[in-house]
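The structures come next, written out as structure tokens.
Both complexes below contain chain A, partnered by chain B and then by chain C.
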Partner chain A sequence: MNPEFEHLYQALSKVDGFIYPNEIELSWSILIVLYPFITGLVAGAFILASLERVFNVKSLRPTYVIALLTSFAFLLVATMPLIFHLGQPLRAWEIMMTPHLTSAMAIFGFVYLWYLMIVLLLEIWFDYRYDLVLWARESTGVKKWLYKALALGSDDISPKSVKLDQKLGYIVTVIGIPSAFLLHGYVGFIFGSIKANPWWSTVMMPIIFLFSAMVSGIALVMLLFIIINKVRKQKIDMLCLDTIAKYLFYIIIIDFTMESLDQIHRFYEAEESFEIIQLLISGHLNFTLLVMQVGIGMFLPLTTLGILQFYKPAEKVRQLLYFITGVLVLIGIFFMRWNVVIGGQLFSKSFLGFTSFKLSLIGPEGFLMASIWLIVPFFILAFLLWLFPPWKKTEMEH
Partner chain B sequence: MPLHLKRLLLTGVVIVSLFLLLKHALTPDSFGQYGHYRGNSMGEIAALPIHFTGNKSCESCHDTIVTMKNEGYHSDLACEGCHGAGYLHIKNPKTEKLIKPNSREFCGKCHSINPARPEKAITQQNIKDHHPEDKCVKCHNPHQP
Partner chain C sequence: MTEKKTSLSRRNFLRNAGVTAGTLVATSTLPSFNAVLFAAVKRNTKGPWYGIAIDIEKCIGCGTCAKTCKIENNVPQEPFFFRSWVEQYTIRKDGSLKVESPNGGIDGFTQSVPADQIEKTFFVPKMCNHCAKSPCVQVCPVGATYETEEGIVLVDEKYCIGCKYCIQACPYGCRYFHPDKHVADKCTLCFHRIKKGLNPACMDNCPTKARISGDLNDPESAISKFIRTKNVYVLKPHLNTGSKLYYNALNQEVR
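Here is the complex of A and B:
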């Protein structure tokens, strides 16, 4: 059979009930699932860092720089799934050159740039400048020049200028908190503002995205904190780890409440789209929503962390439980993004039928491509940790 | 102001200027002339050669076939919808021939069973079971099916 026809007949075999022709194939696939997932990790990790700096949670001090560098490493990659999803990736820059003010996506480019340039880079720079100068003095060869260039050639580490750096860094963090909220709230807004899709169109979307971002970001930093200490064969600061887990527990409660509220509201309102959404939840999203997102990603971690608030087993056991919880939370939040992005495209906007989705292994929208964009930030982070080792930083009082 | 802050400000100014310079250089001249697009594109698109010539140009030579089609179920279809764009054929009718699609899959593109297609508007057949050994055109004349 002619490949063109084969494709058409294959696509039609996926349809169930009545569906409009342009809904048969999903236009947003796993790369668009990754976009809110990675952006969420950025915002969440940054908010954890700001807990220490602005809200003065001293026990989180050992994670401050790790959280900032994690946020930065993931932010550098956040737009890549979007760009690689485009049919014409080389035209991506046009969104910045000729932005349309009514396009939510075009404005995201500037929100992203603001966050990257004004918030993260500046905060990291102010925090590292003192050490950059010291490392430039101690190092040799290329590294010396690199540190010197990054310190903008300045050698000034007088107490007065360092104090000024601290002050400016603090201001940037304070600006950074609403910016992190804006960055991820905005991703939620992009979905929440699509009024034709009842699975997305809710004012709760930015808030839900924001809190789930915090959950995933905090879980990621907690995991990295355990891994980095294990790799460096250092004793894990248990007070710090317990505190991260405590905040993770609090934020999961808020996130769970918000998501439940959204669903309860949907159930109680029971608008005309309710029937198809009910079928979606009990059918196509049965496994990814009820098992992966709610069961494994939310209920298990919530129970484990809840118990650990009252009962504290030996350090080794706690570390293992925190590690497993962190992984489960990340899986759960990934499936939350999956259920939003894929789930919203599975049912017809006529509310009369479904299409289905099968993830391919290879190809531009395949599993391997998505894995690459999920792994790359870890390599960037490893490089950043090598270039700017937080454990060699001079301890500063924030 | 300490030296490093002066340099930081300067870096910021350089980055913003570079962005504005790039924006200026990369935005096409006629952008925004009529709306949020390149004004020149209007003329460029209008100047493109027309590939589809329309039923009337077919009728000038193939009038019997067009009349037959217009009396049948396919009266609403354009000739070029099945036969492809006809501009080259009109220029050189002897050398440039149009396609005559006659495969079962081609007919099935519209007539195979599809729940998303209203049964009342388009006749639908299970093309796997309905005389699978023959071509559709053996029994159905596509110009008067």
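Here is the complex of A and C:
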């Protein structure tokens, strides 16, 4: 037996019921689970930043820059799992050069570039321009030149120029909110528009993806806010933390409602795929959906955050609870992506059986590689925080 | 002042009208941007327009079609890659269904349900439906999967980026990822043979002549007559894929 196909022969022996013979191997694996997870963090973190700026939630001010830089760090990595899962990664650029316009996937490159170049980079630049000029003046050596280059030749720190920065930054944020919605709603559409797959094909998919993105992004920034302050041995701004948690609570409620509505609708209509999906949920996705996504990722955080809205224990306790909640929410949203991507491929399109999926440890689509793509953004973020320390920024009113 | 206002608003009106008209003209000349209405594209009525017909009553489940296809098209021999395969359906007396397709039927079939429990059993050969509104063509992000003017869905293997979106989009499981070429692969209706005036290999080698292909635009072709005279049905019609694979005597259990 050719060792290249050993895992397929193993999967063949585990087929449950009838599947089309081409369906034994899952086409999309862990890397495509990461893709909506990472883009979700990007969109969610950005939306949290815009809450402060556009909707004027002043208490979130300390998270504004952290949220922007987090969004940026993850956006830089967002395409990597996509490119590496391709059978022909070197042809990836064709998607930009000759996009096929009836394909939902073809537009990703443009949505991505729009978001990266127009929204995030511009917003960060306008927010940092004044400080870059100052840091270029104060620093020495390589750092001086780096800041000078990043300021793009700008050397104006007059109040007038700062005012212009703020005005332009505001405009970019206003454009950025629909863009963030577009970015992640669009990722949902990639799955939601596949009529062959009843687990994916729902008009709710973009909306569910959007709200789950906000949930995960806000949770991540909340976690990072706690961690950064702890590492820097700073007192955590509890008003800010409580406010993030409050928004997280609200968005989880909306997300939960949307997801429940989708499932209730699916089960009540009980179309052709009803039985296979019932089996999918009670069997193959039993643990990842009911335990990890709904139990650990939704009910626990919802209950904890709900209680904390009324009952406020000591700051240390709250910090710990928020930290744990943040971690649980991120795990839950990861498994939500898993259940969509992997779950949608476990059952046959004949609706008569299941194939199986085993995550390998090594290889381009293995656990280790996936972990790398999840860890790299944190290193990028650490570098960004070092290069553009938010705590050394001049405090300005937005 | 009043005069100035009037002229300004007239200028505005003219400018707006110009922009609107320009946009309309520009969009109307860009049919390729008609992305949302993919399924509304008109079928080709000039020249040959290929379809396939399979007579389930004639299929004996020998698997020659699946075997021939692998040889003719150099499809990997492992039992995970098929352009063409056969499924065996068995409906038990209690109404329950058993479907099997060991190695795509290439090695033939053995009946695993005891004879006294069988209500009825039949074979269903499967292959690409060469849909007129192919979901796979619709979703290919680079246009590597396309429909020829003869209505045959092909993959440009030098262009495919291997994203596998088309495999997800095909409701019939007709596509697979080629393990050596690292691109999507599927039935070409033996395009290389059709171009020489030959039949697809699976059709020529079927011992009971259960499958035919031909020009749907020609009312006198064998396939047109087959569709006219038999009770034909396509798979998953509710998905509106414009499937051009017509089955005679298809049981409703088949999916």
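The definition used in the following text is that the second predicted complex is superposed on the first by the 390 of 398 C-alpha atoms of A that agree within 3 Å, B and C clash if a C-alpha of one lies under 4 Å from a C-alpha of the other, contacts with A are read in each partner's own complex, and residues count from 1 in each chain.
In this text, a contact is a pair of C-beta atoms (placed from the backbone, for glycine too) under 8 Å apart; a residue touches a chain by one contact, two chains touch by 3 or more.
It should be emphasised that the depicted structure is a prediction, and the values quoted were computed from it without experimental measurement.
Visitor: Based on the shared chain A superposition, would you classify chain B and chain C as clashing or fitting together?
Guide: Aligned through their shared chain, the two binders clash on chain A.
Visitor: Give one of first, second, both or neither to describe whether A:L164 is in contact with chain B, with chain C, with both, or with none.
Guide: A:L164: touches chain B, not chain C.
Visitor: Between chain C and chain B, which one touches more residues of chain A when both complexes sit on the common chain A?
Guide: Larger number of chain A residues touched: C.
Visitor: Applying the document's definition of touch, where does A:G153 land relative to chain B and chain C: first, second, both, or neither?
Guide: first
Visitor: Under the stated touch criterion, which partner chain does A:F5 make contact with: chain B (first), chain C (second), both, or neither?
Guide: Both chain B and chain C are touched by A:F5.
Visitor: Determine, under the contact definition given at the top, whether A:P21 touches first (chain B), second (chain C), both, or neither.
Guide: both
Visitor: I'd like to know which partner A:T98 touches here: chain B for first, chain C for second, both or neither.
Guide: both
Visitor: Pick one for A:V42: touches chain B only (first), chain C only (second), both, or neither.
Guide: A:V42 sits against neither chain B nor chain C.
Visitor: Counting only touches as set out at the top, which of chain B and chain C does A:G87 meet: first, second, both, neither?
Guide: Only chain C is touched by A:G87; chain B is not.
Visitor: What is the contact status of A:N197 with respect to chain B (first) and chain C (second): first, second, both, or neither?
Guide: second
Visitor: Please write out, lowest number first, the residues of chain A touched by both chain B and chain C across the two complexes.
Guide: Looking at chain A, the two contact sets intersect at 2, 5, 8, 12, 18-21, 24, 98, 100.
Visitor: Quick check: in the complex, which residue numbers of chain A touch chain B?
Guide: 1-2, 5, 8-9, 12, 15, 17-21, 24, 93, 96-98, 100, 117, 125, 129, 151-154, 156, 160-161, 164, 168, 353
Visitor: Considering the complex alone, what residue numbers of chain B touch chain A?
Guide: That would be residues 2-5, 7-8, 11, 15, 19, 22-23, 26-27, 31, 36, 103, 105-106, 108-109, 112, 114-116 of chain B.
Visitor: Along chain A, where are the residues that touch chain C in the complex?
Guide: It comes out as residues 2, 4-5, 8, 12, 18-25, 27-28, 85-88, 91-92, 94-95, 98-106, 108, 190, 193-197, 345, 348-352.
Visitor: In the complex of these two chains, what residues of chain C are touching chain A?
Guide: 32-33, 35, 38, 78-82, 85, 87, 97-101, 103-104, 126, 135, 137-143, 159-165, 167-177, 179, 181-184, 239, 255
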